[in-house]
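Same chain, two partners: chain A is paired with chain B first, then with chain C.
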Partner chain A sequence: MHTLKGTRFAIFIGLLPALIIYLGVAILPIGLSVYYSFSRWDGITDMTFTGLHNYQQILKDHIFWLSVKNNVIIMLTGLVGQIPLGLLLALLLNRKMKGVNFFRTVGFLPVVISSVMVSIIWGMVYNTEYGMLNGFLGLIGLDSWKHNWLGTPGLSMFALGAAYIWQNCGLYMVIFLAALQNIPAEVNEAAELDGATGLRRVMRITIPMLKTTLMVAVVYSISNSFRVFDLIQIMTGGGPAHASEVMTIYMYNNAFVNMRFGYGSAAAVLILIFSLIVVGIVNWIGRDKKD
Partner chain B sequence: MEKKSISVKILIYTFLSVFAILNIFPIFWMIVDSFKSEPEYAAKPFALPTVLHFSNYEKAWEVANMSTYFLNSLIITFASLIVTVILGALASYFLSRFQFRLRGVTYGAFLLGMLVPIHATLIPIFLIMRHIHLLDTRWSLILPYTAFHLSLTIFILEGFMRGFPKDMEESGVMDGAGIFRIFWSIILPITRPAIATVVILNFIYNWNEYLFALVLITSSELKTLPLGLANFTGVETASLTLQMAALTIALVPIIIFYLMLQKQLVNGMTAGSVKG
Partner chain C sequence: MKVKPSYQISSKLKKTFLAGSLSVIALSLAACGSSGNSGSDGNAGSDKPSTVTLTMMHPWTSPNVDNEVYKARIAEFEKEHPEIVIKQDAVPSGDYKTKLKTLAAGNNLADIDVLWPGADLQPLVAGNLLMPIDSEMDNWKSLLPEDALAGFNEGGKQYAIPTKQTFVDIVYYNKEMFAKVGYNSFPDTLDGFYDVVKKLKAAGITPISLGNKEKWPLESSYMSAIGDRFTGDDFLQNVLDGKAKFTDPDYIKALDVIDQLTNLKAFNTDANNMDSVQAQDYFIQGKAAMHISSSTVDGRVRITNPDGDKFGIALFPSVPGGKGDPKKSAGVVQYGIGIKSGLSDEKQKAAMEFMKFFVNEDLYKELISKGIVVPAKVDIPSDASPYLKEMMELTSHGTAPVFDSIIPTQVNDVFENGIQAITVGGETPEQVAKETQEAVDNMK
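And now, the complex of A and B:
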């Protein structure tokens, strides 16, 4: 083909621009985050190196642990709400029936809309005076069920969780649909011949065949739950009184509202560590089962 | 048996219809209410509008600076998209069609980006952008959007390009074409379906992105649509109908885009997920 030297040079030239942008803007900052996390810094005056002080402070802060708890709630909401619902929809929509395309299109629609828009729309649904939810409850005579959904500490996480499910379950529906369409028709035919129909076939044949995809979806859903920000920042800002604060909001507030870049960086590093640990555990459990 | 299957069918359709209504209703109602006058909305939020108040739209377009936000979103979305796709395709070409020592490491490094939460990079990116005086410019968004979407772009394109038979480039070599010529005239054209997918995915991500914009943009004349909308609804709390009109204006293009490219989009999403 080409002379080796020329090829090498071309490879270098071809990869370089992508690598520079990627390493410079996506990878280098992770290292910098770790570096900043050991310092006290407002971003303007000199940086003071404080070792593990930020981490000690964060781990002592009950608001941080509140945010961890809310992250766990969001994670469980994803695992218990989005994945089973997405799987059920995919199973129902993986067949020839009237309106199947309509239901798929509508199911995926919320995934395409920006999370800002989803947040504002759901903010209106939950609006205490004019919101659709309270309006609907009034309409069917359940006035006593009306609430200030986002403004009540015990309720705000549930309200956010519902919006979170609404926003993302279509994504899992599509992921499972793709996997279902990759199951060869012969498998289903053979199962049918053996007398496995309906629910039995789904439980014994289909779901076991989706194991890999289920794992991918679980890992994806968990790492997504650690990234939740827009929805909560716009709908409640983490309130009332930190009741719906998650780690990303905690990080954002400390770094960009209070201008504590070192402290915020430590929070960012903890987000990264927590999410890697949970994803690692899930991967490990998943691998164990396969053997 | 016959009876049972009919009742199962009814059950399935009922479930799916409830799901569809829950998905559409909030959006539908937002559009309906955007045509009401403010007093009408306050008095009867649940009734259909008696008169269609298109004036909400005129006012929202002005008050909410929609034209500015649209323009910014368009520029930033397309600039990032073009850079991502060109650089990503080029990198994918070398990663998929050539053997060299650091190939595996480079490819692995690019894929790592899909695992990195952007939040872990937000503070340094803010500080870097300030340091190199790009903070509050369009570049401050174009660079991160490009960097973070190179991963998925390379993941999809590399997989697609690797699928071609090895002798694909041979005719080009016979004609004496150089490596970049082969990339441009042979590889790129056959990669078109995968590129279409990548373009759509990148478009949606860039168009909808909020967090980077929130942190890196402060001038209102540079704000993107999500950031502008979030600010507008945060400030303009008095007029909900105006908010709804602004939201509807922002929603229409993305819904049209989705309905037009729905098939390609869903195929692209699934191509990525099945491989992973």
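And now, the complex of A and C:
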């Protein structure tokens, strides 16, 4: 007992510096944002407290709801694009074949490249004049399919979604690959003896065994989608006319461009609340099914 | 028996950990403390002849002719004053204002900053972040006319000295393309302007290259001029004073010009995801017949361009029933050099020394010789570029206000997005006028 008690205290003391740093860089700023969100503040002159005024304004702002909608689009492209594609790539690459390492590297490459580079590359792909996509469409005779991908309000979100999938599916591929390699060979052998091969084996054996990993990937993908910023900021800046604005860009524009730090903080708090709600729902659904 | 020694060890551990973690905390606190005021204390107690280090933030990163002049002058100053070190923080101009505001919010401005006048300067002054330089104004009084200094004067105090004059609404046009559709000079009426656009379009030429991804070109370069033509140059100030509204019919007519140009497909198709520099390139490469931008661009378009002769300059034409003078160009003084408030005496003296050296007659002369318009009363050297003379002649008939130098940022933001919405067919001029006016009303 004594031993345990003493060690516990030592562990606590040992963790203290890290804890203080963590509180300082992660928890304290969240607290400060909540505090600022109740004020009208340009960052320079004195703050005035306005209570819930900022929240009332934001919830009435149709541009904010547009940005929420765009976040939902990004979230869905993540869920229906990144995870299935990542899983498919992982299943394809989880076997002995020639050049498998090469393909794994290629699949993972977009994750390693900085998103500034990714944005610039995709900006070039979508360029109306010299872009690869329009060039390709022209080459195969589909001139009528050529579009101003990033500059047309109805298209820009989907063009960005495609880039977002490309950027991140490699990450899920690696996560799933690691999980696949942890499935004991006996399980697969037993399945094969029972006549479960191909797609059937994947659906009945592999995917159920990956369930925990899938849940982690889903939660990760959702929380990632609420943080998306740089990709969109660089490719479209949220434009044209707010068409591709997401909540983080809404927050950034208000806080740092328009110097409404109180308002921007309120937007940041709403992002936090929204992502907690969605992640909470997913966790709840996941837990329910396990029992 | 076994319990006790291990307990003792852990108690010893405890002390070590405690001491260790306390010292970590102390160190990190000390580090925070010193970084907070390292700016002000210099190097007290050292025997060496002390050097003063000043930080300076500026937006001179792109290879413009004037940027080279500014950077060369900083280097020259450092050569002449080995005791003063200028630590530069060069921020790309598109991000400069955002960084400046963010640093201002953290009370973390550089010692010397490049500033914009009017609406951009006001919050910095309101927060007491800048040092008034009235006591030193004798250095510049005879050199700069009052109206050049006015934008950096708040509440009767001077906060910065401008280094250049920018006209934001210069229409550059490709003479060869114009001749091709039967125009040997730039039209001086709005109908003529629309006519050129239609003819260029019919001839398969993109009429106007626009790079509005950053959203300011349509607002600053287009609407400053077009708005002025319709409403006259008191309008923006009147809106702020509550004596006029963006929803006034005159202003809606001005916004309607953007709608008309959109309907005529006057702009390149990717106008909203091309940036301003790409749009310049597009124009210089002969892919479009017109480009509307600032006088600074003339350096690239004509002065340093071997094919510069191809291009002419003009102002936005007169409009039917317009209250503004069609000879006026929307202009603003730019790149004010200012000093942060609350510096130590030693640093203040060094910063003043720098300012006196940096912004003087020589700077203005060097800029002129590179074809840049300056706000100072300096004789134009006889060898000045004929392009510069043409620009100065074009812009010498009075100055109209620049939209974003009068209208506060948060209203400007609504306006910029609104005009962008017009160009993609998302909103009508009436809607944009209404939203912008609402943003003005919400400020109070």
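Just so we're on the same page, the second predicted complex is superposed on the first by the 272 of 291 C-alpha atoms of A that agree within 3 Å, B and C clash if a C-alpha of one lies under 4 Å from a C-alpha of the other, contacts with A are read in each partner's own complex, and residues count from 1 in each chain.
Everything that follows uses one rule, which is that a residue touches a chain if its C-beta (ideal position, glycine included) is under 8 Å from a C-beta of that chain, and two chains touch if they have at least 3 such contacts.
The structure displayed is predicted, hence computed values, not measured ones.
Trainee: For A:Gly107 in the superposed arrangement: first (chain B), second (chain C), both or neither?
Mentor: first
Trainee: Could you look at A:Val257 and tell me whether it touches chain B, chain C, both or neither (first, second, both, neither)?
Mentor: Once the two structures are laid over each other on A, A:Val257 reaches chain C alone.
Trainee: Looking at the overlay, does A:Gly286 come into contact with chain B only (first), chain C only (second), both, or neither?
Mentor: In the superposition, A:Gly286 contacts neither chain B nor chain C.
Trainee: Could you tell me if A:Asn148 is touching chain B, chain C, both of them or neither one (first, second, both, neither)?
Mentor: In the superposition, A:Asn148 touches chain C alone.
Trainee: After the superposition on A, what does A:Gly43 contact: first (chain B), second (chain C), both or neither?
Mentor: both
Trainee: Answer with first, second, both or neither: which of chain B and chain C does A:Thr7 touch in the superposed model?
Mentor: The answer is both, since A:Thr7 touches chain B and chain C.
Trainee: Which one hits more chain A residues, chain B or chain C?
Mentor: B
Trainee: Counting contacts the way the document defines them, which residues of chain A are shared by the two interfaces, the one with chain B and the one with chain C?
Mentor: Common interface on chain A, chain B vs chain C: 2, 6-7, 10, 14, 17, 21, 43, 123, 127, 256, 261.
Trainee: Where on chain C does chain A make contact in their complex?
Mentor: Contact set of chain C toward chain A: 3, 6-7, 10-11, 13-14, 17-18, 21, 24-25, 28, 98, 101-102, 104-106, 123-124, 126-127, 129, 213-215, 268-273, 409-410, 413, 417-418, 420-421, 423-424, 426-427.
Trainee: Taking the touch rule as given, give the residues of chain A at its contact with chain B in the complex, in rising order.
Mentor: Touch residues, chain A against chain B: 1-2, 6-8, 10-11, 14-15, 17-19, 21-30, 32-33, 36, 43, 89, 92-93, 99, 102-110, 112-117, 119-125, 127, 130-132, 135-136, 139, 166, 170-171, 174-175, 177-179, 181-182, 213, 216, 223, 226-227, 229-230, 233-234, 248, 251-252, 255-256, 261, 264-265, 268-269, 271-272, 275-276, 279.
Trainee: Write out the stretch or stretches of chain B touching chain A in their complex.
Mentor: Contact set of chain B toward chain A: 12-13, 15-16, 19-20, 22-27, 29-30, 41-42, 45-46, 83, 87-88, 90-91, 93-95, 98, 100, 106, 109-110, 112-113, 115-128, 130, 143-144, 146-148, 150-151, 154, 173, 178-180, 183, 204, 207-208, 210-211, 214-215, 225-227, 229-230, 233-234, 240, 243-244, 247, 250-251, 254-255, 257-259, 262, 265-266, 269-271, 273-274, 276.
Trainee: If you look only at chain A, which of its residues touch chain C in the complex?
Mentor: 2-3, 6-7, 9-10, 13-14, 16-17, 20-21, 42-45, 123, 126-129, 148, 150-153, 235-237, 239-243, 253, 256-261
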